[in-house]
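Alright, structures below, take your time with them.
Two complexes, one shared chain (subunit A), two partners (subunit B, subunit C).
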Partner chain A sequence: MGAFIIRRVFYAIIMLFVVSFVSFVIISLPAGDFLDQKIAELEARGDRSASQRVDDYRERYGLDQPLLTQYWLWISNFVQGDFGLSFEYDRPVRELIGQRLTLSILLSLTTLTFTWAIAIPLGVYSAVNQYSLGDQIITTIAFIGIGIPGFLLALIVLYVAIVILNQDVVGLFSQQFKDAPWSLAKVWDLMKHLWVPALIGAVTGTAGTIRIMRGNLLDTFGQAFIESARARGLKQRTVVWRHAVRMAITPLIIILGTEAFPGILAGNILVEVVLGLPTIGPLYIQALTTQDMYMAGTVLVLIVFLLLVGNLVTDLVLAWIDPRVRLE
Partner chain B sequence: MSEEIQNSNVKQKNDKNKVSQSYWSLVWWKFRKNKLAVVGAIILAFYYITCVFFAEFFAPYPKDLESDYLEARPTYFQFRDSEGNWFLRPFVYALDEQIDMATRTRTYVYNTTVKYPIYFFVKGEPYKLLGFIPAETHFFGTDPETPDAKVFLMGTDRLGRDQFSRLLYGGRISLFIGLFSVIVFLFIGVSLGAASGYYGGATDIIVMRITEFLSAFPQEPLFLALGAAVPVTWPSPRVFFMVTILLALIQWGGLARQVRGLVLSGREEQYVLAAQSFGASDRRIIFKHLIPATMSHVIVIATLKIPGMILLETALSFLGLGLVPPTVSWGTLLQNANTVRAIRFAPWYLFVIPFILFSIMAYNMLGDGLRDAMDPYSK
Partner chain C sequence: MTKETRDPLVTVKNLHVDFDVRDGIVHAVDGASFNIYRGQTLGIIGESGCGKSITAKAIMNMIPKQGKVTGEITFYEKSEEGSGEIINEIRLDQTDPDGEVIRKIRGGHIAMIFQEPMSSMTPVYTAGFHIIEAVHLHRFMSAEKIGGQMGKNIQKKRPVTEAEAREIAIEMLRRVGIPNAEKRVDSYPHELSGGQRQRVMIAIALSTYPDLLIADEPTTALDVSIEAQILDLMRELQETQDMAIMFITHNLGVIAEIADEIVVMYMGKEVERSDTIAIFENPKHPYTKALLGSIPEIGEKKDKLETIEGMVPSPFNLPSGCVFHPRCPSFMPGKCDCVYPEYAEVADGHWARCLLYDGCWPETTEAQAVKNQAVAAD
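Let's turn to the complex of A and B:
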């Protein structure tokens, strides 16, 4: 087991380096230096000290050096927690991401809760009453749900809210709470906004989860221990929830590691953009549009990092559960 | 001797006609029985006819024709006028401009006293059908004798261009991108997967490492970053080409792995061993035996991949990182709707959503039906 863990961790670290380098190259691909633009802009305004500051940045991040040097400067600071500077905001990337991280985590947790609260009972119902009318309806809805992308759904929700209900659903706070310090009223205001993107995320995520849950549970029902539980005269509810669901839910744990974990940063970028949420997704898109390279690069590398860590943890958990995996 | 063989062949053939069918005809039989899949195929045929092949004919106006009506509301077909009379021939009301002094916005209201009847197969702006046949007939439109008459089924945009026409032209680009990128995706995925499975060794290791590397990236953020890296100064055909390639490049990994698996097991089949012992070249074995054996699987994957490709393009262009105007695609049309103001005052920009959703659902229905049909021996 020890050798297995070391091998996997080593592998993940190597992968992280390669991926971060490629991310850096992709992000710095766009022709034209963002700083050149900035300097021209500042000089047009006659701001000489700012131009001096930009030159300082250029030196500090080695922007006139070859790409490899730039990458090395950036990544060696990165591992120490200095993600570089957002040229757009003129502030450290770390600070900007930190500001939005709480809300991003909150949103992804709420979405996950909604998804599972909807999907697991529906999946169980579908499997227990296979081929019943309810199962057919759930399966059909799940089939349609897989096809509907979140950001189109978000646009439809916006339309219904704005044009038909005349409600404000954009953002996560009402106008008066936007810059207010935290208070009970602000939390309540957040709750009133948060459920919309969470539900949109849940609706698009539910479909797949229902399918997985239904399939797994149907497989589990065929196994001997379920039969023995029934033979012992246990109630149907106990057999289903205590014995079958407990087994069938394991693959969802894998999803937790490989999808929900990296989803903290990039769960539903497009939905967040459409609804104008103060989370990390829109920050990433803005950074890509304005070629704010350290900002975009940091978000991309952090997402990859979470994905790799999620995969690693999942692998380890699986290896712990199933010895065949680690002996392979 | 040879006659005998021929005879027995004929006999076998006759037997076949009685009891068995070729694989593809079995697939066709099974596919036809799946109503959902057939509906999907019909919807798609409809899309390809109206958007991809004959958009010029079905669109009442050229995609860049600017009218005097800016951000005008849709003029729907009417069959019943304000006095309650029914008409067999649909008509549209004229639009009157109104300036709201308080908010300084321009709105349009229906002028129910002026009716423009709709004619089918009317003469309109000249165009080239399929790119080379000169024609002037449009599927529907208003009387060409009255130049004031306009029909905007789905409203107009900020420059007064007819949205319905633009949606048809936009569908051409979006559906094309879906199809082209899947073809590139198939080409890369199948060839690398087959090579990896057949040759093994170093080829296999390299290809599999690349696919692992690709799967270490989250797909959507990676695609957005790559899209942003495409220079904005590029001419639109080049951007179109680039987006198509990128879509395929980030996704081929999964397909390559599946094809590799199929080829690995196919390599051990007796007919392949027989071909090898006859001295067939690697190329012949790969292209005549191994790849055709993976085709049913690959076709299903490809069909189910197209809607994802269309959506990714739409998302990218919607964010302003992919195709940009003047290119008309569903994504660039959706860009119009990305402000709260647009949704409040010009909700007809959202008509692009049903266009996208129906095409995606149709592809999913078709793909799901194909998946079942490709395995015609199961009940």
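Let's turn to the complex of A and C:
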């Protein structure tokens, strides 16, 4: 097991290097870099010191040197915790991401909790009462949920909330708390905002999860061990939860690892953009469009990092819940 | 025990199980009547698809929702204290399939082991977990005696503790011949061989001291040598536990070894029933005779009784008259394809469904006309 983890971590590191390099190359591909534009812009405004500052960056990050050197400079700083500078904001990437990371994690955890709390019981109900009226209704709603994109739902919610209900649902904080230091009141204010994007995320995520849960459970019900569990005289409820759901939950754990972890940063970016959330998603989109290379590169590497961590965690959890899984 | 004094444990009367499927109605069980007596072994034999498993599941009241069950299945519950008189006659077919009554019987009074030893245990739980689960449901310890009245002991019962349940699990594994039981109790199904898994299934079933063990082809998936071991084990445990067995198989060699009485089924119908010796020495139904002609040699393993000529007809397109007539070596044209034989006692305690025997001819005028016409033509 120890050897397994070490080997996996080793592969993960190699993977991260490859991904960081490829993304770095792709991001710097378009002709002309961000700084050229910035200088042109600043000089047009007659800002000399800015031009000087930009030259400093250029030297520090080796922007006039070959791509490989640039990459090397960036990545060697990266592993020391210096992710580079956001040219757009003129501040360290680390600082910008750090501010938003807590909110991103909070949002994705809330979304996930909502999703599972809704999807697992509904999926189980749907499977146990296959073809019943309840199952039909759940299935229909689930398909609608799969069909509606999250951002559209977000737009609808915005419209209803602002135009009809006259409620403030944009962002994660009310105006007066936006830049205020953390306090109980601010946390409460956050809670009041957080459920909107979390629920939107849950509605779109729930649908698929219900279908997966239902399908797996129906497959499991056909297995011989379910019949023998019933023949032992167990209650239907015990058979379903202790024997069937326990076996059918595995694919959800896999999804949890492969989607939820990277989803912390890149889960529902469009929804976050529409609702104007101070999370990492919108920052990332903006960085991509403005060629804010260190910002974009950093987020991309972090997403891949989370994906790899998620895979490792999935394997460990699977080995823990299913004795047949061998870690080799 | 003589036939007259045998204690009925489960009686099945005129059992029908129909499945309404897209292509029509399947009569999976079409009129089965037999008794299972305490301490005895009833063998059920027939080709694949003839309704053996469905009959067993009907007794457990575990027929899938789509299936329609008619007939009477009665379980005679005996008092556990004192004289052991019948205290309850429970109509199993009328119990709520998820209700408390049938759940107490399932696993407690009637245990069942299935055809697929490889997948009958939940893969994420240990052998011990399964036994302990059954023990907690059905076994109680007698606590201190609180008094005796009119010759009966009145005893308090208490649930089995966790430690006791584990002890029982290890003891059961030892009894079914699992080596190193203290260790094996914590083994997961995938760590056990097929034979060991079936032993564990037997251990689970027997851990609650059931009155009846339904064994649905318990050895079909196993090697011949393992099969012999499992059969020995079941016989041995049956003696020590005074338990009846309903043994389902399509292997006559196996059933000859274990059964006291045999029911032969063909296409959902009971075609012959008698004690084992009479079935083997003096079979009445041509289908049984054909089966006997195809007993596998010792050491030979067959999955199907393929030596009987012809195919099992489609359940949606049943042959007229006797359903066995297209394959029957004794087929009587003009009779067997016109008249559906009744089930009748053709010799002492020996039942059959075949027009070779006068008793099986229905009393209806049409049937009698066919019979007489044929006699006149002879």
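Please note the rule applied: the second predicted complex is superposed on the first by the 297 of 328 C-alpha atoms of A that agree within 3 Å, B and C clash if a C-alpha of one lies under 4 Å from a C-alpha of the other, contacts with A are read in each partner's own complex, and residues count from 1 in each chain.
Please note the rule applied: a contact is a pair of C-beta atoms (placed from the backbone, for glycine too) under 8 Å apart; a residue touches a chain by one contact, two chains touch by 3 or more.
Model, not experiment: these values are computed from the prediction.
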{"item": "When subunit B and subunit C are modelled together on subunit A, clash or fit", "value": "fit"}
{"item": "Of subunit B and subunit C, the chain that contacts the larger number of subunit A residues", "value": "B"}
{"item": "Touched partner set for A:Leu68, first subunit B, second subunit C, both or neither", "value": "neither"}
{"item": "Partner chain in contact with A:Leu300 - subunit B first, subunit C second, else both or neither", "value": "first"}
{"item": "Contacts of A:Ile137 with subunit B and subunit C, given as first, second, both or neither", "value": "neither"}
{"item": "Touched partner set for A:Val274, first subunit B, second subunit C, both or neither", "value": "first"}
{"item": "Touched partner set for A:Ile156, first subunit B, second subunit C, both or neither", "value": "first"}
{"item": "Touching partner for A:Ser228 - first (subunit B), second (subunit C), both, neither", "value": "second"}
{"item": "Which superposed partner A:Val18 touches (first subunit B, second subunit C, both, neither)", "value": "first"}
{"item": "Which of subunit B and subunit C A:Gly147 touches, first, second, both or neither", "value": "first"}
{"item": "Partner chain in contact with A:Ile6 - subunit B first, subunit C second, else both or neither", "value": "neither"}
{"item": "Lowest inter-chain C-alpha distance for subunit C and subunit B in the superposed arrangement, angstrom", "value": "9"}
{"item": "Shared contact residues on subunit A - subunit B and subunit C", "value": "none"}
{"item": "Residues of subunit A touching subunit B in the complex", "value": "15, 18-19, 23, 26-27, 29-31, 143-144, 146-149, 151-152, 155-156, 158-159, 162-163, 170, 262, 266, 269-270, 273-274, 284-285, 288-289, 291, 296, 299-300, 303-304, 307-308"}
{"item": "Contact footprint of subunit C on subunit A as seen in their complex", "value": "223-225, 227-236, 243, 246-247, 321-324"}
{"item": "Complex contacts: residues of subunit C adjacent to subunit A", "value": "60, 62, 98, 103-108, 111-116, 119-124, 130, 133-134, 137-138, 188, 190, 201, 204"}
{"item": "Contact footprint of subunit A on subunit B as seen in their complex", "value": "212-213, 216-218, 220-222, 224-229, 231, 233, 307, 311, 315, 318-321, 334, 337-338, 340, 343-344, 347, 350, 353, 356-357, 360-361, 364, 368"}
